[in-house]
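By written order: A, B, C, D and E. Residues from 1 in each chain.
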Amino acid sequence: MRGRLVLQYAMSAAVIVGAIALWEFGVKTGYLKAYQFPPASRIAEGFVEIATNGFPTGITIWSHILTTVTRILQGYLAAIVLAVPVGLVIGAFPLLNKMLEPLIVFCRSIATLSLLPLVIVWFGAGELTKVILIAYGCFWVMLSNVIAAVVYVDPVLIRAGRSFGLKGVALYREIVLPAALPRMFAGARMALGVGFMVIVGAEMIGTIEGLGALIMEARTFYRSEITIIGMLVIGVLGFVISTGLAALERMLLPWGSTSEGARA
Amino acid sequence: MQISNVTKSFGAAGHGPTVLQNIDLTVRENEFVSLVGRSGCGKTTLLNIIAGLERPTSGTVEIHGREVRGPGQGQGVVFQQHALFPWMTARKNVAFGFRDKSLSKSDKEERARELLQLVGLSAAADKYPREMSGGMQQRVAIARALALDPEILLMDEPFGALDELTRIELQQELLRIWEARKKTVVFVTHSINEALVLSDRVILLAPHPGRIERDLAISLPRPRPRTDPRFVALHEEIWKGLSS
Amino acid sequence: MQISNVTKSFGAAGHGPTVLQNIDLTVRENEFVSLVGRSGCGKTTLLNIIAGLERPTSGTVEIHGREVRGPGQGQGVVFQQHALFPWMTARKNVAFGFRDKSLSKSDKEERARELLQLVGLSAAADKYPREMSGGMQQRVAIARALALDPEILLMDEPFGALDELTRIELQQELLRIWEARKKTVVFVTHSINEALVLSDRVILLAPHPGRIERDLAISLPRPRPRTDPRFVALHEEIWKGLSS
Amino acid sequence: MSRDRLTNIALPLIGTLIVVGAWETASRLGAIDPRVFPGPITAIIEASGRLSADTVGEHMAWSLFRVFSGFAIGVAAGIAVGVLAGWYRWFGLIARPLIELLRPIPPLAWIPLAIIWFGLGEPSKFFIIFLGAFFPVVTATYHGVTYVDPTLVRAARTFGVRGWSLLARIVLPAAAPDLATGIRIGWGLSFGVLVAAELIAADRGLGYMIMNERNTGGSVSVIIVGILLIGFLNLLTDAVIGSAIQRWIGRWHGSGV
Amino acid sequence: ADVETDTLSISIGVDLPFLVHVVAKEKGWLAEAGFTNVEFKKFQSGNLAGEALLAGEIQLWTPGNLPPIAMAHNGVPVVILGSNAVSHGLEKIVVRKDANVEKPEDLYNVKLGLLVSSTSGALLGNVAKHYGLDFNKIQAVNLAPPEAMASLANNEIQGIVFWEPWPYRALTELDTKVVHTGTMSGFAQNDGEAVQVSNNRTVWVASQDWVKNNPNATKALVEVLVRTQNYVSDPANRDEVLKIFSNFQEQPLEMNQALLSNYTFDASIDETYVEDMAAIADFLEATNRIKDRRDALTFTYSEPLAAADSALVSVEGQWKP
């Protein structure tokens, strides 16, 4: 059983390595154009270059990463801090929830990119705008998840709580809240994903720092290998952070988390 | 406990179909009463009304002469399943049952330990529900209900999801606890055997609308071997009552 | 059917704990055999091996002298629950059971209708599983297994999830079908009563590792009232066997 | 029943009206500057002065066409890859890490490569929208295929069904509810990336309308109307897809997805 | 010889360099040369047009001189066929009057909006060099023209560095002034002095593949373009061509009248061309945007231009099909 698994991993690795080699070969022999399909060797060179010299000069990949992560975290945390209490309140009042539901769905469905021209007019082209765009994207996703978490608490748990005489705020605090936590966590992970989705749009304006800006800058100079590096770094970052959140969730909710339905 | 002329219908302002109609029932102190009936005949609804979790459309339920207007008036409830709080360990779940504000946290945990011992789960005190088998979970649920020190223990098919052997073990356990703690018990079940093994009285509910069809006193001494001809005869009688 | 020296262990190349050890069992044609045993003793595993869904680590199962190497060699299986295809109506589910390629679609539907009539479900032919009660679903599952026209019907706690009343109804139904169609049946159950009401033979499995503990022939004539003292005595005997 | 319907239709309507009313009032009273954030009525009046119904109709038609095309390709590819990854373990081992790595990459970031690979015509726009639909569908399909109730598979095997027939007749229908969820989310995301897709040398479409207005320093009202239109189109088509799904699997699956 | 193709897609923008293209088409000269099927394509950004060239969707691209340099250094097979217009005076630094920019050092105190990786960035670098400023201390905000205009209006930035028509719009719509153009100072200390800090010119760019596969079409195209350049450069035709252009673009005639003097339509491949190209490449190299420095002549193809008018080629391009 184990042996077979190792074999399967080895086989998958071999296929991937083979594909990369084939690609490299295709470029070397001229079947693929390097500026269209930069081969792995060129991507690796490009990575060394932006890790040391930076692109443009002085801005290394590390500072691009730091800038982007800082922006995402600011917007993301702002969204969470706002969405949790608002969602808890809306979820507590079914009437309010029903009334606001279409609005929330609507706001969530608005692409942040289309807000770009408005937000620039409202908040200028500085850091604030970028953070607000990220926060906007994260907020509605988190909000709908917090509300759903509260609304879909297993009614049996609520009845159990009530059978011990709990009601009102106490019932909400002692039963509804903890029972809603796993779903809220799932929402938090979804919202983070949205934060990453928004970052390139947010960094299209007023900056040459950050991974989104790096990708656009590389585009201007036809450095497709740097574009790809920027994309891959975002991919890896997104993957690492969401894995980290899952681990955090397991730590904070030891009674068994619901990683189910955690992705959009 | 006194149930007087309780009627219940769901839907807008009680205008839906009538689920329970004119239920009258008196349960004496320390009595063990089972409710038996076909699926959908209103057993759970009646139990919920007694628990104060649902309001009757008309009629009253009184416990010790005080009308029930909500939960937490001396009723403890054990649900069919999944009713443990998944974010609490067994001990915390039981400790939750002590609603007495004057108890310190450590007092509660101490007493919870005692109750867990009573249901034979000392070793599993720090397990989360998902780490326990169905039978263990139901023991914790019973301990939690007992923590409230209720006058009446209401149980809604508590052993319905368990396999037969575990079920029989827990029936013995429940009888032992009932005798030790002297509680009034209202017990909902699908199983005629279970009702016969446990109860002083078996109430047969008939559906559409839910009403009391038979009220049988079971005077056999406990423990009650299923082989006892009187047991067998009673089984037959209830079976006929239900099938009709 | 002949089970010879079957041993089964899971895990890498069969090196895990042994779930079944040296099982030998011969089931005669048209015999109704029940497997009874504690949870986890290997009942389902044994049934799966007979069904060809699992390969034994060693030993063989033969049906009519042909070794079982996979499913669909004359075994029909009825599972505990959820085994109907939820996207098919009752009729389609049953029609699925006819694997004979020479049958046209309308032939299949026609025959499915007949089988549904046999299990008393003509009226529900166009219902989807979720629109049926648990008892109705199991009837459809039985009809579907019969569609295969199997020599052996394997049933894994088919009535475990039903309430007692429905369960007893379906037991009667099953006996009727078994007598009408003359099948060999291997029936897994938790319930001693059920095994006693139905079977010609009750096999007691003991766990760790799963092995045959007792093999009781039940020679009482059917129908078997539970009040019959012989019935009661057999019940006692099996109960003791299980509790030991 | 009638009471339920009342609350399910009236309450959302009332809520929406209140919010829209508050927005309009705030901008009328000058609490928010109507030049940078006009009220809805003002915005619509002003925008209708600048755009004819025909133009807007054309923008909408093109956007819908693009969303639908990219979405259709995304769904087809998502189902194919998801099924293969769930069915063949070795393929899953290759595809899943790649998918997880590519998923967080924003569609906007793909634009440079999309253009280099597919040019400036419709294919590159489809590609960007494809990305929106592909990931949710592939994940849902994979999940659906791997978490099919094993009893169903066994039941089918007892009837001698295996291989592709098992996949087509049992696994896929059993995964349908998951698939439906994925498709629904994918449709929403396809709309979400519409504006990004129409950044690629589009000369019509709602996304183009918004971005063009921004580039030419035009009116905030048109931008707001563009956003509202995309939102409404999204909600409307989502409702249509929802009821189609309901018809597709609702009868046997029960609750809507 | 006949041209290999009668179909041409040409990217054009809204501004005056495309006077040549518009006139060549409207006058029917392109058709005369055999290009009966000419399509103009407009792109919202320069990037897109370049990418369209790569994708084979246009055959002639007329960008500023920076993008083809960046492309050539990154292995993209493009070739320059000649200059379209020399426009050193086109780029301007415009600041709000209330920002009090009087001397070069005052640039440290304001935020300037520009596309950092365009010829505007190079211009700012040259300004810094010429006036002895520290380039890194100048606060440059990377903004596209529309956002820059909005930000300038609400004083989030105090100046912009852009090419026409944006400075023209800033001057007419906002209370601003020019402190430097690509060729002339506006600082108090040397107001009106000729200081060349811009190397901006627009060039004709085609893909190497297209040129290789369509030698006759390349020659014919360059010939038409040179002929049109001569026509629009003649003051006698000034009013006519401006009218053709303004009508075609639906733009105010007076704006184009005001701006035309910024352009010299001259295809020459000569020392100035080489210098301008080198200056931009210097800027890109200094900021690490290109590697493996190459001479502009290695991706310049001068034969068609020489065939059209040998006087225009004084330095020969080294690229050959």
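One rule holds for everything that comes next: a residue touches a chain if its C-beta (ideal position, glycine included) is under 8 Å from a C-beta of that chain, and two chains touch if they have at least 3 such contacts.
This structure is a prediction, so every number in the text was calculated from the model and none was measured.
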Via touching chains, subunit D connects to subunit E in a minimum step count of 1
Please give the pair of chains with the highest number of C-beta contact pairs.
A-D
Relative to subunit B, chain with the most remote C-alpha centre:
E
Determine the centre-to-centre distance between subunit A and subunit D, using the mean Cα coordinates as centres, and give it in whole Å.
18
How many angstrom lie between the CA centroids of subunit A and subunit C, rounded to a whole number?
50
Nearest whole angstrom, what separates the Cα centre of subunit A from the Cα centre of subunit B?
48
Subunit E: which residues touch two or more other chains?
54, 144, 150
Could you list which residues of subunit D touch at least two other chains?
112, 116, 199, 211, 214
Could you list which residues of subunit B touch at least two other chains?
none
Using the touch definition from the top, list the residues of subunit C that touch subunit D in their complex.
48, 51-53, 71-72, 75-77, 79-88, 96-97, 99, 128-130, 145, 148
Residue positions on subunit A within touch of subunit E in the complex are 34-36, 49, 53-58, 120-121, 124-126, 205-208, 213, 217, 219-223
Per the contact definition, I'd like the list of subunit B residues that touch subunit C in the complex.
38-39, 163-166, 190-193, 226-227, 229, 232-233, 235-236, 239, 242-243
Partner subunit E, residues of subunit D touching it in the complex
112, 115-116, 118-121, 199-201, 203, 211-212, 214-217
In their complex, what parts of subunit D are in touch with subunit A?
7-8, 11-12, 14-16, 18-19, 36-37, 89-90, 93-94, 100-113, 116-117, 136, 139, 185, 188-189, 191-196, 199, 207, 210-211, 213-214, 220, 223-224, 226-227, 230-231, 234-235
